[in-house]
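There are two complexes below, and they share chain A, which is joined by chain B in the first and by chain C in the second.
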Partner chain A sequence: MEQYLPLYQKAAVLTIRLGILGIVFSILIGLICSFVLYYQIPIIKRIVAIYIEISRNTPLLVQLFFIYYGLPKIGIPTNAEICGIAGLSFLGGSYMTEAFRSGLEAVDKVQLESAESLGMNRFQTMRYVILPQAVSISIPAFMANVIFLLKETSVFSAISLMDLMFTAKDLIGLYYKTTESLFLLVVFYLIILLPISIIGSLLERRVRYAGFGD
Partner chain B sequence: MPDLGIEVLLKGNNLMRLLAGLGVALKISLIAIGLSIPLGILIGMLVNGKNPIIKGIYRVYLEFIRIMPQLVLLFLVYFGTTRAFGWDLSGETASVFVFTLWGTAEMSDLVRGALISIPKHQYESSAALGLNRSQTYFYVIIPQTVRRLLPLSINLITRMIKTTSLILMIGVVEVLKVAQQIIEANRMSSPNAAFGIYLTVFFLYFIACWPISRLAAYLEKKWR
Partner chain C sequence: MAEELLTIDHLTKQYGENVILNDVSLTVHKGEVVVVVGSSGCGKSTLLRCINALESIQGGEICLQGEKIEQEGKNITALRQKIGMVFQCYELFPHLTVLNNILLAPVKVQKRREEEVKAEAFELLKRVGLEDKADSYPRQLSGGQKQRIAIVRALCMHPDILLFDEVTAALDPEMVREVLDVILELAEQGRTMIIVTHEMQFAKAVADRIIFIDDGKIIENSKPEQFFSHPETERAKQFLNMFEYKRK
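Up next is the complex of A and B:
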């Protein structure tokens, strides 16, 4: 089994790298979209709402097929890695938006009024009053999304990215090493996902003070 | 106007074939949902008890199913169990099995969460009113649980439908596979078919899932 380890390590690095990049872009998209929704910016908020509905109601695999095989036909060149990151961010953006938005909206309106009466401007209110509470409220949903997105990277093998799934399928197809390759597959996913899941539940416990205000 | 390959849809019975492919995906997810909702409710209620062994086994099952990507689970069952136990499993049976396993885990966790979220004083007040155990459940606990549960389980249905797109990877002929076949068959006559066909598949999934998630959002708002 040892001779396959380097293959899996390489694949795991690819999975993690694309996953992290996708998640970073998802966070960016999520931040922008949740602020658009929170401040009710006209017209753009419509576009964001449509984007969320489309992205949440279609599978990542179908999104990837469209981006990877469909878009080049109308002259938009794609390479597999960029396409994977784009697909993951397209999907993750809407999930992150929902997580952040629920955090922002959970902050009571009374607090905004109090902040205003203390003479804070809009930026200060956001920075010192809303964000600290919103962040801790959205942490559980945020961590769940991170795990969800890392799991979703498993479909990258469909657009010929050599991730963990691809490697496992390759070994099964080439050498019939079914048991070994599936075992390593499970082990490697556990190595990637288990620490994040544990960090998630620890963080969730730590940030629970957000609820003390009521 | 560039050639977008939409016209391939109208050739022969291509559109009908795509819809039939979507039908396969929907059929598998509906069977799995039909099985996992009752099973999930049963298991969710069972683990709400006090038996530590049942709780321990359940924890491991839940964590493993939830942490593994569904595609890995599909591979484990489709390639792994067939190899280990020597049985012959069709891709469709394997997918129904995996989605039931997964759906049951998710559903039981929702049920458990909903049961825990009912405050203790609801049980105590019913006892004070002289309701017995089954009356407490029927008139007090279950109506409240259902309200919390229904939007979440409807969401689970859309997640299940979306996840069925993965069964392509274990060789089930569903909507994406049909799309690939149509694109291959029309490679010469319309080289751009990939754009139009995959866009159609994209919207077919959207049309299948969107009304369901709207319903969940509506119920959630109404019953909050």
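Up next is the complex of A and C:
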């Protein structure tokens, strides 16, 4: 079994690298879209709503195929890694949007009014009053999304990215070592995801302490 | 008579067809304490919210020292800094300590020096008996303490006028007193205030003038002695009778 370890390590690095990049872009998309929805910006909010529905109601595998096989057809050259990141961001963006939006909307309206009555402008109200509270409310949903997106990277094997899933399938195909390959697959996913899960619960406890009044 | 600070001129506020405030005019002079009373839903809280431009208005105008208060006006944030407001529900920022609740707006909005505001904040906290709570979070405080902090927070902005919107309505009876005492002290210092309250004894003690609103209209505007002993309108008599208890 040891001889497979380097392969898994390499695959894990790829999974983490693409996963993190996808999550970073998901967060960016999520922030922008949640502000659009929160401030009810006309027309753009419609576009965001359509994006969210498409993104959440189609499987990542289908999204990846669309990007991987579709883009070259309309003349946009691409490679598997970029497709993987793009697909993950497309999916994650909508989930992050919902997480942040629910956080923003959960902040009591009287908070907004008391900030305004202190003479704060829109930006200051968001920066000092709404956002800090929204972030702490969003943390549980946010962490769940991070874990969900990292797990979704297993679909990358379908566009021949050599991630953990691909490596396991490859080894099964080559050497028929099904049990060992799958065992290592589970172990490596746990090595990646358990620490994140633990950090998540610690973070939740911390922000809960600082946040929420009565 | 002192100078006119706030003038409300033929103010109308409505939600669709539903008229909340109907042709309300009122002038508040510097140093005056105006108490607004009336039954629930008569529009008295809405009046305060209009003064702070938290509500849009459909007719008339509100001016603070001649400057028009408009929701979409360019100078609205500057005007709001001159109008301190304390709400019914405790509206302290839950993610900040008491001290940072007080410092936030003076430092970030008015760009004053932090040490200067801090010194003032501690001075005021001491006056309301809460200097030991500076590093507490709002959720660690009682309702009465939170309201006293909210008053300090409003005072630290150096407002020209203070608005109190039923600040004791959500409090336990024992805590009402500690908050009202703070407001009484402010009245003695000659602060200009508009107070919406259901505490009639307090209204009698603190007010220079009583405004009685019924169904969106000001129907009495008189000295407290006169309002409480000889109300002019039937409606006001009925209203005041609700606060009397007698065995049949």
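Just so it is clear, the second predicted complex is superposed on the first by the 209 of 214 C-alpha atoms of A that agree within 3 Å, B and C clash if a C-alpha of one lies under 4 Å from a C-alpha of the other, contacts with A are read in each partner's own complex, and residues count from 1 in each chain.
Throughout what follows, a residue touches a chain if its C-beta (ideal position, glycine included) is under 8 Å from a C-beta of that chain, and two chains touch if they have at least 3 such contacts.
As the structure is a prediction and not an experimental result, all values here were calculated from the model.
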Of the two partner chains, chain B (first) and chain C (second), which one does A:157 touch, if any: first, second, both, or neither? first
Output check: A:85 vs chain B and chain C. Expected answer is one of first, second, both, neither. What do you get? neither
For A:136 in the superposed arrangement: first (chain B), second (chain C), both or neither? second
After the superposition on A, what does A:124 contact: first (chain B), second (chain C), both or neither? second
Touching partner for A:18 - first (chain B), second (chain C), both, neither: neither
Does chain B (first) or chain C (second) touch A:66, or do both, or does neither? first
More chain A residues in contact [chain B versus chain C]: B
Partner chain in contact with A:111 - chain B first, chain C second, else both or neither: second
Would you tell me which residues of chain C are touching chain A in their complex? 52, 54, 77-81, 83-85, 87, 89-95, 104-105, 108-110, 137-139, 150, 153-154, 157
In the complex of these two chains, what residues of chain B are touching chain A? 2, 4-5, 63, 67-72, 75-76, 79-80, 83-84, 158, 162-163, 165-166, 168-169, 176, 179, 183, 191-192, 194-199, 201-202, 205-206, 209-210, 213
Contacts from chain A onto chain B in the complex sit at residues 53-54, 56-59, 61-63, 65-66, 69-75, 147, 151-155, 157-158, 165, 168-169, 172, 178-179, 182, 185-186, 189-190, 193-194, 197
Listed in rising order, the residues of chain A that touch chain C in the complex are 110-111, 113-121, 124, 128-129, 132-133, 136, 210-214
